[in-house]
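You will see subunit A twice below: alongside subunit B first, and alongside subunit C after that.
Right after this comes the complex of A and B.
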């Protein structure tokens, strides 16, 4: 034994045995190397704002969906074998149905807690996609997608799209009359694809619709393929959030180089852990209060039956809107039919989603900005981006109205034809209108900010001057608010430079550059932003020449 | 006979003969006429008579003075008592105003008056009669078969549990919640407004009864909703609205609350 070892043993003897927690950590570190990971991440700082928790809502709903989904797989039979129902639900007794439907009835009426778990699963799915969309809009309107977060934007977008399709395949599994109508719709859309449509349909359904395969195929896609990809993307998404660090709002002491907030451990661990249970609680409460997808009311799927009010879950509603408002055009040539009434909506469907997804790249290209951004934009300070986002939302919403046109008709006592025509015109007009209005509102708010910085806040105190004039007393803003209101930078629009060079020769400017300059002017040129107050302006106004 | 012969020229003789003749015909009639039928006929004709009066006041302006129809309302010849009982019994007729469709409203005639109106309209031409309780009562119906028939024949307009739906140009299939079984039966029998009719030749009486039985089970005050609130029974649109407003709304409220309560070190 060496001297050092002797000393170490002595030290141990002196301090007594290490506490159990320390020994456990030591054991784990020796095998997993967690010390380095913990050291780097336990004190990771996260900024605080409610809108940063929307992503958490999606994450936790996803976890809830997986947990409840596992329970459902224990009882669900993904089979289209025909059986006769003999369960406790009287109005379906003796009716022929697929085993998929029968096992879902079994889950709903006979499995302990089955209906509650089913409803939690389904409500969580609706909330999951809704939270993803709102989270994405938060990222969009605050410019959180800018460098270095473009890849994470794409990951998030893919999660949204996959979430929609995972939802759709799951909704189709019970093989009820409502979802079967949705699957029939999808089959029709596939059939409308020129040349390959029929082959694709035969491949997917293994024969004529509905065949005997689609439930088991959708089952694999729903529980294995798509959630697997989503889980991988989700991990990547979270790793990138850690790697990039979270964005923060502008404010005193907050720069592009720091993060002001609370450490992950213990504050965010407690908050996030607690928030998980709150999310679970809200979803469980929804599931306990309200029915979702009452398949017993719809009955089993039969291709010869259909119910009115056949809509998909909300996240597919805009595709329903596209098909409902599209005129039934078709082209008949050489004995072949091109079903434009279905094919055009099928093309526009991904375009709607891609339109919002490509914006960050367009914006980056136009601005030519390759700096890193960790400070969020206030939406008003980027009127064109905000206008575009609002226009996209209005576009999405008008399509949702189209998707529910029958319920709008019955509940507002309107003609369904009038609604359809409104949506047709609104499809083109409303986004344009929304863009203009939103941009105007943003500019107005920028003016207001400018006014507040230069002239202070309206106090609501009315003072009468000796000569009888009434004035409202304005109070200068506190320093930190002035900082926050003027922290954003205002890019200069891209200039093409003179038409001719120093030798009088016409410069060649390619079309792409011209387009870029034009877009840049529309985003940052005159009329697209209100110049923020400068220190000099502020000094001049507050130098004290009477009231202002 | 002398007495008789002597007085046959008496001024009152003709009166006496007339009295005898009247008594004889009356007596014979009373003896031979089928008494019950005569009474029923008079009741029937009385109802028809009363019905015609009601008709002239409440219906004739649109349907014509003798039910022949005008450009404001269709002919009622041959629609039958069942159609009258449905239209007037559900308050649809008399119509309040022209429009895409005449909606259900509070009935303004009582059942006795409706029966009189029905008797009058039935007298204009043969048509389906008002069904008996035996026919429309949901008791003894095959509910599962009714559900199957409902999904095949009715759900495409009325929704799979009869919550109603939209038709073109502002017309609609009304909700069947709270509709009297008799009126359900009559609607199937007569096909009011935009509804196709299902006479006994296409849908036998038993099947109509099954459908009524199904609706009594799934779409009445007695029907249960195992999953909690039905949200109108309208499917994914109302579910989506609920998820956004109450689901996500609650999430955001909770998020704001969590974000507002933090371990921030207070400066003062």
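Right after this comes the complex of A and C.
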């Protein structure tokens, strides 16, 4: 080792001094070993597809949030000390407000560019959560969560959940009338927790609502605790993306054992690096032209005041829907109250998110597949998974509608009672309906793929045969397309085998196995996938019989 | 690269050995044909087109520089309180608009330049790279397990039961200190949520005028908000007190009141109800004078003020608490005590 490095130094000495950049790199390598890392990663291959940039949008908006957030902390006072407003915004002059609200007014009206940074911060937060959700859907519908990426799926899911709560604690900080209403809602929800609810409430707020503590406590949670955890998860998420190498779509030359694409240096360095600026630029332009969270219009929070049409940021909308459509069930027994009308939504709220998060593990268990998967599934080729995902989205959306039931009522002149009842029924009916419809569409698309492979592409050329019949000429697909359309696996459903063994004794099959077989049949059995064309079928159709 | 060359490369026989791909049985029509040949872009074969791309990228980077200069200029030029009309955005802050758009352009142009550079000038040839199994080879696995067993053995963890037990005990007890420290996050609930600031003889103060209310101040169909006497807006704990004590006062025709107790607790048809919704605590603010319904704008719980504050729609679980009121010797409305039941959202100890 030492002789080798001596030789290297001698070589540089002979050639004269190396350029400064090289010397710096050598210095760093001698202490950090960066050449090993660079060798593995500098020319790392990434496949290209538009849907792979959704995760990048999340990453970049996170960076934007951190940058603008640090700036905001320079001016924001996380204090609930009451002050009288004397700033330049006339309508609020003389009004009592917390220092938190007052300093947010100061940022918006007295710090040059402060309003812009505040609005970039808030817009980026909305984009961040939205991009994470869409990115997660991309991963879900293409099966990119399968082995070896389950852990990264969980990391991503945790980032989504933490992102929602970081957003909630963040928009509560200015202590304005709108966000205070949201905090009150949270307080009411905590109170509904059986046995410990009042204790949790007192400990979180440092006494009765609203008290003088929640802004400073939320501040620590918002700028330190949650972002710290998220930064750690994010680093882990990215390390795993590099370590696993990116998934890719099926296609000619693309197998489960390779990754086809362009190198990190220079192509993705430029594309991904440039994309950061694109995202930042678009969000900055949004902040320039579209006002977000105009706290001066809401005024400071008072627990005895409220505005109509109060809405949380969009990512909390589905929890709002849950609380709005739940019937007001309340049980009073033995001197205790169980407020199911609030507690049940509080339980369903995490369950909605967990439902989609556990699917990869259920699917892996049912399928019993221990192979690594690096080729993405086309959503149509996994009708049950795709149906489930679509049902989940419809569930989420119907709750969003419920969360804005008052806005639907006022904008479309509908009865709020009718909307609430529609959402109540839709909560159960719409996901089921969506599942059935989506599954059928997937199967239809599979049939079309099968036809295309066996009969070729419709050319649009109509041919008249000698006996007068008109046919459309079909052109056989090129081999690369035929390969792409038939590259997916079609798992066999799990078979339980005969009820009795060879000695005529009844076999004991436990309930878990039975359930697994049942689920497996529903995922891969008859009616759950269209058998893909075989070489024999193709040969029979293309050999000599002419047209079809 | 001539056309003949291209067609030559496209022949399957050429591809067999020239490109990567899975080896499939001969004659399989679905076999992987391997990576298609790279098709050059115009920039790869025509230097003039490449030069045009170069100029486009440089133009975008220059635009970014200009926009940054514009950002700094806007920061200096526009006063922070200048409002201008800009179609179609309406009246906007000139500073915010100028800073945001110049910053947006400065950033976007860098991104657009970099992406254009990557797409038109950097090599777009797709190359394969091998994947390696994530899991370790069986030998490595064996080695790791052997090392682990050896390490555990050398520690004597398995043999020295006393050490193991006491260590587990110490490690599981020590986090308790942290939990105990959290105790002072807040007081215990005790009966705090059961009572409000209202007491017998307290006058009802109009929140708009800060004056005590007389029955004649309240007309049929109006909605008045009141707070307890002696609660000043600049009091240290105003927010926390008003969060429970806020009151809604309406006057009904006594014959419209369907609930007997409500009638008893009213004064000449004037009824006082808690303003805090029994669902999750929003202040109820919308009053429909014809039906005597009040609606919480947060989650649309609807209560009938002519029928004991009963819930008639929405997610609230129980009726609004009513405050018993009367008129004192000077002719002012006064409370006859605190609410009989806790106001606001339900909780476990409410009963």
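Going forward, the second predicted complex is superposed on the first by the 532 of 548 C-alpha atoms of A that agree within 3 Å, B and C clash if a C-alpha of one lies under 4 Å from a C-alpha of the other, contacts with A are read in each partner's own complex, and residues count from 1 in each chain.
Throughout what follows, a residue touches a chain if its C-beta (ideal position, glycine included) is under 8 Å from a C-beta of that chain, and two chains touch if they have at least 3 such contacts.
Quick caveat, the model's predicted, so the values are computed rather than measured.
Once the two complexes are overlaid on the shared chain, A:293 sits against subunit B while remaining clear of subunit C.
In the superposed model, A:134 lies in contact with subunit B only, and not with subunit C. By the touch criterion stated above, A:406 is placed in contact with subunit B and with subunit C alike. Of the two partner chains placed around the shared chain by superposition, subunit B and subunit C are both touched by A:271. Residue contacts after overlaying the shared chain place A:87 against neither subunit B nor subunit C.
By the touch criterion stated above, A:115 is placed in contact with subunit B and with subunit C alike.
Taking subunit A as the reference, the larger set of touched residues comes from C, when subunit B and subunit C are compared.
Of the two partner chains, both subunit B and subunit C are touched by A:308. Of the two partner chains, subunit B is the only one touched by A:123; subunit C is not. Of the two partner chains, subunit B is the only one touched by A:178; subunit C is not.
Subunit A residues 48, 109, 115, 119, 262, 267, 271, 274-275, 278-279, 282-283, 285, 287-289, 302, 304-310, 405-406, 416-417 lie at the interface with subunit B in one structure and with subunit C in the other.
Put simply, subunit A touches subunit C in their complex at residues 44-45, 48, 82, 88, 96, 109-110, 112-113, 115-116, 119-120, 148, 181, 184-185, 187-189, 191-199, 201-211, 213, 243-245, 252-263, 266-268, 270-271, 273-285, 287-289, 301-310, 323-330, 332, 335-342, 372, 374, 405-406, 416-417, 420, 453, 479-480, 482-483, 486-487, 533, 535, 538-539, 542. For subunit C in complex with subunit A, the residues that touch the partner chain are 12, 19-22, 27-36, 75, 80-81, 89, 92-93, 95-101, 103-115, 117-119, 122-131, 133-135, 182, 185-189, 192-193, 207, 225, 227, 233-234, 238-240, 242-244, 246, 275-276, 279-283, 285-286, 297-301, 311, 313-318, 344-351. Residues 48-54, 56-57, 90-95, 108-109, 115, 119, 123, 126-127, 130-131, 134, 177-178, 262, 267, 271, 274-275, 278-279, 282-283, 285-294, 296-299, 302, 304-314, 317, 403-407, 409-410, 413-418 of subunit A are the ones that touch subunit B when the two sit in their complex. On the side of subunit B, the complex with subunit A involves touching residues 100, 143-148, 151-152, 155-161, 163-170, 172-173, 214, 217-218, 225-231, 233-244, 246-248, 250-252, 254-256, 258-260, 262-264.
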